[in-house]
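This report refers to the structure that appears directly beneath it.
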């Protein structure tokens, strides 16, 4: 894989990681509502997958972090405004960080009930096939979410109608406190592809190049009208399910952070490949910091959404 | 004017709107090749092709949820659930996705989706016979139509397809064969405008669909006894034309609601509360609700007959109220 | 397989076929409500499967015919009373022919919304495991029904908890008018077993011995605490979806009846095996007729259920 | 008497009933190893073992549907949905299976199932914040509890577990930390008996859960102004103690309902209709409903505050009504 692209993935992952850390810090300080589900550990995978899509493709996402939106080009200010309930919030105070939406950047939103994205994505696929042939939609979802009935109904439907839908499962081994083995009859979610006659692929989600590659294939297949692919990326949730989660149920929580973080690994790969060095790294960190602080300042200065917006946006 | 059936009126509305706008698509179980289990969609697949009219898997969650997704992206899907009761089978998608997806995302897109839901009827059993309109009326974000005549079936469906919001459109199974006059040429029926089906001064009755039919029959009998009731057909439950009902009750001083929903928190409850809020000084008789006595609909016809308000029940109830 | 058992299966299948024919005749004559979904063509399969279960096991069934109940020992009178809404109806007028229930014979009922039996059966399995270890529950469902989300949620749950649940799919190639190929992404429903780590088996549903055998294995597995099996029997729906269905969508409807009926085939097998001859056949036919006419007479004489039963049985 | 939190009261009820009857089982996402996302079920798995207290897959349809199946066969399952809104995700299983399976099969078995549904609260967004009790109240076959104090939380849950019918038990998230007195020793709280939380003559207010708390606070302020309102807590919505409300209104002559359901066809609608039917001659002031103005609950706290009735809203509304 092209080192330039890898460097882009690293850059965006770094920005997402730093931004999230800043949000968590502000939440702990009581400056923001604390409902974030940290994406730390999964950003590289999410961003690598999105990098394999075109700008006019679409995504639906789960609750795990905000790297998806950053990768697609949504401004940090907009995301932060969503979290803070300020003017500029993409969902205008209705959805908070869980329902960031940015149609021009192909971000179609999130279902608060897990697995709602499956059914929405089928409809998006139906519309793309008829109105924008060649475009695709990817739904990112967790291993736990794959046990919803909507997974089954939707993958069957997309497969039989050969819709341009990609199913991207981030298997981090947990649904909140419940390990996948307690809740799920097969170790590999991708094994389920067999029930729908579509390719099922496992990939190491910490390997950006590998993720990019399997995603590229899935996108091509969907664009060509051959229907969905079920991709399963094995990833690690570095932190708790949400900010306050002490992970008492996860004895290895501490070592996970030290050993399973894909970001240093990707950094090393790039250094070895000769496209990253200390100077550039320092510059990327500084860039990230600058963007983040600009967003923080802008949103701090922005007014709260007018309370009456609560009554708006229900009907067109 | 031509005289057609309620089901033909629905078929015409679909055909005209599909003709007018290529973004209108239609799907559901058995709607395409077979023309629907109630034969409402006959001929549409042949006319508009299998890309726009297609049979779906038995996957109610996707049927409705994909409708939301497709609507967001510029299609105008019309989804047929085989039975209105299946709004619960697709509960998440009807109430949380169709009803809330736009709101939850700050109005980022429109959701021009129509869910056709055949309701009522009998002999089909507890999960195939309900009139679940009160559930929809309570839910934010879902418009709701309850057409009672072929003319309204056509006009309201055409309007529903053109509206940019999700609509649950209840078609009553016992009305499919009802014949009635339908205007010639292009027309739509606006949402939120009740119609007075019969004028009177003794009492206001609010009823729709099969209960309206029974009410009008009872009203004829009552008229022979010298009692003239005013009968209001709300036509849509969201938006709900509160004014027409309140104005009528201010004139008649009394109100009865006849419906096929379960009695507790049926549509009649909203009307009762409304009158108490806005018409108290005008009311001189107790309010009355004829409805299903808070049990599911059984399968056996004679058991159904025992619990669904009949023409006779309506007649007697009015007699008692105005006595 | 034991010819005695095969003969029993034949006998019950014949009774079910003749009973159903009588019901259809009465329905056409307006003497009964006409809501039956004929099981003709699938009885042999249904009965062979049930024969492999014990008397104290349980079943949940779909809408296709009444052979299940006859095989379990429910009286024809009770079934007919259900259809007619008469005193003696097992569901007391509430469910009609769709919801015949007979707990002492292990018949737990039917979900009017297709696939409701999946979720109920998981709960039954949970209760059996705790309260009656060694007993099993089988849910009979159609190919179309396998596209409901409940299929997926339930098979995963039963598999991960190793519940004594058996999933028996009668694949007759149609869901009302819709051929399986239009609605379903894989030709074999049993392929879906791979997504749950359970055995998936295809069997010729017209071969009673084969059905009995695969079912026996599944039952053993479930009894032993190893969890579910997904069995798919390829069967033929001889008639329309329901009584009035003219099958305009099914060009081969006429030839199907002539060529795909398992009953003559089973009859021939038994004749060849020397356990059936013309005399015995005549006697079985006469027996069936007698039982049926007795039931018809009893139910004709029975009073209609009191209208007030409409208000009963909701709350315990 | 000891003073414990609402969530501890629920925990105690579960523990006591599991101790008493080995057929009581408890499952849901995160309820076992972790003790529940709201920490309500802490310690129960250790005490009763993983066969009786277990974590479930994210499969709401099975969670509720298996509860029905297990209940039919003699277990007494308590299922925790993580959020009350998920009754729609399991819509078929809640409304059609739990509500109707027994009826549909002529009473062949009992369905002693309890669905615990954490409702209300804020900051969770449109699909995690609703109080969908009116949907349940309209549905046949589902009992419904809305406990407002630790004592009732415990007593009603113990009763729910012992009842032979399915119960949807709403636990309000904002009450989990509320402390209150709970009787020592064994007790249960009967369904269908409202309680008068405060006596008065100016007006009857019906409220429960967090709205009751706000109403009682407003009532204190009103009392200082010389206005004594009567406050009724229905405790269960099915069965619903209509008599206590009617009797109170006959005394006070006016009624207001404060609730967190959507306004149209919220529980207040049923109360309004009821009064119009049974207390018309006694009513001398219009009826009033304070409720959510028919929009979903947004995520941002200050937007939520704008639409959920506050102590101040209640205070002002009473002032206007009795003026």
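Worth a mention:
The chains carry the letters A, B, C and D, assigned in the order they are written, with residues numbered from 1 in each.
The rule is short, and it goes like this: a contact is a pair of C-beta atoms (placed from the backbone, for glycine too) under 8 Å apart; a residue touches a chain by one contact, two chains touch by 3 or more.
Source: prediction; values computed, not measured.
If you take subunit A and subunit B together, the chains in touch with both are C, D. In this assembly, the chain whose C-alpha centre lies farthest from subunit D is C. C-beta contact counts were set side by side for C-D and B-C; C-D has more. We define each chain's centre as the mean of its Cα atoms; on that basis subunit C and subunit D are separated by 41 Å.
One inter-chain figure worth recording: subunit B and subunit D are separated by 30 Å, centre to centre, where each centre is the mean of the chain's CA atoms. Between the Cα centres of subunit A and subunit D there is a gap of 36 Å.
For subunit D, residues that reach two or more other chains under the stated contact definition are 56-57, 59, 61, 85-86, 88-89, 92, 96, 103-104, 125-127, 140-141, 295-296. Residue positions of subunit C touching 2 or more other chains: 89, 91, 93-95, 99, 111-113, 147-150, 153, 156-157, 160, 182-184, 314.
Partner subunit C is touched in their complex by these residues of subunit D: 23, 25, 51, 56-57, 59, 61-62, 64-75, 77, 92-93, 96-97, 101-112, 140-141, 164-165. Subunit A makes touch with subunit B in their complex at residues 89-95, 99, 101, 103, 108-109, 111-113, 116, 118-128, 130-131, 149-150, 153-154, 156-157, 160, 312-316.
Residues 147-153, 155-157, 159-160, 182-186, 191-198 of subunit C are the ones touching subunit A in the complex. Across the interface of their complex, subunit A is touched by residues 29-30, 33-34, 37, 55-61, 85-86, 88-89, 123-128, 293, 295-296, 298-307 of subunit D. Those residues of subunit B whose C-beta lies close enough to touch subunit D in the complex are 85-92, 94-96, 99-100, 103-104, 125-127, 134-135, 137-141, 238, 240, 261-262, 264-278, 280, 283, 285-289, 294-296.
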